[in-house]
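Presented below is the structure to which this report refers.
A, B, C and D are the chain letters, set down in written order, and residue numbers restart from 1 in every chain.
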């Protein structure tokens, strides 16, 4: 889904309960190597210092910033700006319709319970066929000497448990299917 | 001049007035991932940890070492081992004849006076046509706020001075020709 | 005289011991698991020996293998660090039997301090005030419930063989007790090999204050003042400081003498810590003796000028303590933040991986004990502590300001750390006033404040983030071939964020 | 109250000032030349402004541009650091005229201390002992020769506007004097814009001992004890320490009082240094007042617990010094090594380039003030000082042992540094005894010892180096395609070192 050429980038970001839309575009280059941007109607002066595949260094309003790109998908980009992780969901003005119908949020609301951490399965607390409530422990993982419970993300019935005691799971591995 | 296949590597190194020849070869791999080497008749146990184009990490006699390769030419290799720079001139047993006739040492004994540092030429002390002795200042460079004299490497007559006042020179640039 | 020390540990504490050894001209012998072959302690040791697979039970807890290695390497002594085998009396005894000096207390004292129940009885006899709780070890949940009922809720479930805050659970009622008992038992078993628990009255609004003691083989005992470690999360210490904001000279003298008495009662040897809880009314209750070097020992070093590891080695080789109690003077103020590889925004989930850019803090009054370096790996097999930031200031506020500086400068790309939590705490009014307690985090909803501050920070930084995305898309547009190259090198290029037609 | 400070400097000292500002909640405004756009001080400042091309004369010495920038950025104050404009009275006056607080002495005092000759006369009147020499500035070599003849060789040629050891040359006879005069004049001109020199008797076997003073706008003056900076190379300080091994409490008190008197005589404001030479018989001679923060100020910070930059800012905003002379207590021992990007094995030739792996030392008692980080560049346009390693110990020997640790851990790939020289010095018997003098390096042929030690080190390490070459050639043989890839990425592969048929 490569975006069509447009006049700017519309970025959307969500943190906690706050959701914000930001419109950004490059206005023009100034004589001294700096560039004028407009972000949400406000003008900013920036100056590019260095850029590579996953890093960029620049001045923004006379302040030096270092950005490391962590991941980039067709719908969003995650960066770390001066140590602060920021996720931006990006779309182009002309793509707005597409965005509205292709929201990835709906599909993440699924039956798969995934592990948020890597670890070793030390105990399986729940059993297939039983009903659970949101927050009930399903399995116990051990990582960095800590016992961490993987808890149900919804109310439902356990249809499957995909890990065995003693097994090692990676981050985002599916632990259980709950319907 | 790629070396012929041989039984080992003969390394020569020179520091200060000391020159030494070292014979090294790999004997065999031990069961536990370590390797047995023979260096100048003595056996050593080593274990490779990591290697890339210009870095290598290994255990040598149960001590961890980090080596960074700085440069490598057909006749020598310069490495930094745990912060200590070491230059080894390498040749193969079967190449010894070639080495003897292709010694690069003779050719470095030339008329070109080179700068050992980068810097800006702030003064030219000597003039073309005059005779100088080893250690006489030829030009004065400035670098890192220091005034550094580039001194004649031999007794002779100045045939040419290749830099101008105010010019910037790099390391190893030829400053003057002295015969 | 000790001329070589095998360090039966890893991470920052192994590095700490290597630095002390070097100062004394002592050879450092490291050990490492498969996982740690490229670790900082291996790189910095004079010699390093492989001792087994990644799992601690097969490497850093493998008594037989470690003693064999020490013998083969000709080590005069073993320093156990903290955690792992540091409070294992069998290990200490095994070292002694092989003629290897164990840098720590004798096995016998360790057996006593390790048996929390017996130790408590002994302390009662020595007139050291103790905390109400079960008289012995409790193996089943029903008995635990009866004891809890008798002394009154809330109660704590603790591993009889634990320490350092591991394996401690709070129960406010019977339901919780039954629920937590199983988890606590499992954790205790995983960490210390044994599931035995005991029950103790949980005082509320308490402060954790501990005294560092040292004792030599001639029986000279000194206390090196107190540390306050009240800022905790789930009974794990997060922040330690010395001196305590609530301990004055009189209390310091009185409690220091009690700590010395506790050390004498168990015939302690070397460096140890006598831990107390202080209730709202200023009463102190003994909880346990940690028979090892503590994670937080640097704060004591900073305010006394002593080097505890060098002192440990001196005592281990039979030297007498060279200073009197009166020689020790408090010098300024020290704070330590434990930097853990955990995600504070995701319920402190462990964060593992390879560290990219790594810039540890520097500057006036700042000390960092850490195993991190650019290219190192943070493993899920061991403790999540990756660094300790220790600061010194003339007073509490100067120390706090410097800690803020240090936290801000700390950069370790590729892992999540608890730094945002520490930053929130450093700016919190109660912390600034020194108004601390072990329930500080819950009492003041510090995690909520942290999240709120984080959202504010992200908002403040969003225009700059948008600028970065715009700038890079412009770079990509003008140099499409460079991006192409980068993608071939299997790096995901910025190009993915899309193209646009901004004319500049 | 000062709420923002423009730092008219770069490198480690700019970073040092940023750290102090942060502690005080003051905004740091950095300036940078083309060469420094990615430098540490730019990255760490709250704001940073470009002020010109790489050459210092067009950037960090550009008074007009810097003051314009300060005005435009709304800076309340300017901190000049050391070097550059730090002792430029015109600059200090210009700041004042624009209503910007200059963090340092007033222009008038600076004019006096900057005129070494007049200052000396003033000191004579104030009963501060001075060193014999020319009565005024000398502009031609013949006059210099006459003065030298009168006071007797050896003599020193010094820049009248110099300081920090720059532009000082020794002449043992007329020939040398004539030869060195030109060089000294040129260096003085390059560094300070003026070529004026003066001639001074060169005492031999001397120690350089200086007193840190601070003075507030109410005339309160304190001395913060002495620093000994006798270990020098060509009149450049290499190693500084506090206290001096030859200064006892009585001398400290007496000379401290003289230093205070010197400060009062010039109506000094803020932090400054009164420099003395001490001859073999223990006589002290005033040489000059350095009217700025010194490179070596951290050793004083470490032994007094004071933060000199924060103190400077307090004094600059009119605060009174909050402590009495009697409140100050010596706390332990501090040593600083200046780490310069110079090749000690090649006549200390400047070493410039991009830094690769960069691991700065950490651990007990160690402080590093440095602008180095992995990926930074060391430029030929500015001073070669890249880092200061400062250690604290309870006594001289503990400090020395820690310095050895720190030097060993210091890793900055891609540049040569003076670390091997410092390592040799730390192990030298005369240094260990504290038997120092400004000719220490020559007197003990330290450079020869360094070279010898280096050769021994290389010899010891040669088997491991050979092993590395053998191992890598074996890796290349087994993975030829990997090497191929790497070469395509324009990295010179290890492959070049040849192939062989070792069967493993």
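Going forward, contacts are C-beta pairs under 8 Å (C-beta built on N, C-alpha and C of every residue); 3 or more make two chains touch, one makes a residue touch a chain.
Treat the numbers as computed from the prediction; the structure is a model and nothing was measured.
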Winner on C-beta contact pairs when B-C is weighed against A-C: A-C
Farthest-lying chain, centroid of Cα atoms versus that of subunit C: B
Distance between the centres, which are taken as Cα means, of subunit D and subunit A, whole angstrom: 47
Euclidean distance of C-alpha centroids - subunit C vs subunit D, Å: 38
Centre-to-centre distance between subunit C and subunit A (centres being mean Cα positions), rounded to whole Å: 31
Multi-partner residues of subunit D (at least 2 other chains): 357, 489
Per-residue overlap in subunit A, given as positions that touch at least 2 other chains: 61, 63
Of all residues in subunit C, those that touch subunit B in their complex: 37-38, 42-43, 45-50, 73
Subunit A to subunit D touching residues, read off their complex: 32, 49-50, 57, 59, 61-64, 66
Residues of subunit C touching subunit D in the complex: 15-16, 19-20, 22-24, 44, 298, 301, 305-307, 331-332, 357-360, 362-370, 373-374, 394, 398, 401-402, 404-405, 408-409, 489
Touch list for subunit C against partner subunit A, complex: 166, 183, 186-187, 190-191, 341-342, 346-347, 349-350, 352, 356-357, 380-384, 411, 413, 451-452, 454-455, 457-459, 461-475, 483, 486-487, 489, 491-494, 496-504
Subunit C partner contacts - residues on subunit A that touch it in the complex: 2-3, 5-9, 11, 13, 15-16, 18, 20, 22, 24-26, 28-29, 35, 37, 39-40, 42, 44, 46, 48, 51-54, 56, 58, 60-61, 63, 65, 67-69, 71-74, 77, 79-84, 86, 88, 90, 92, 116-119, 122-123, 140, 142-148
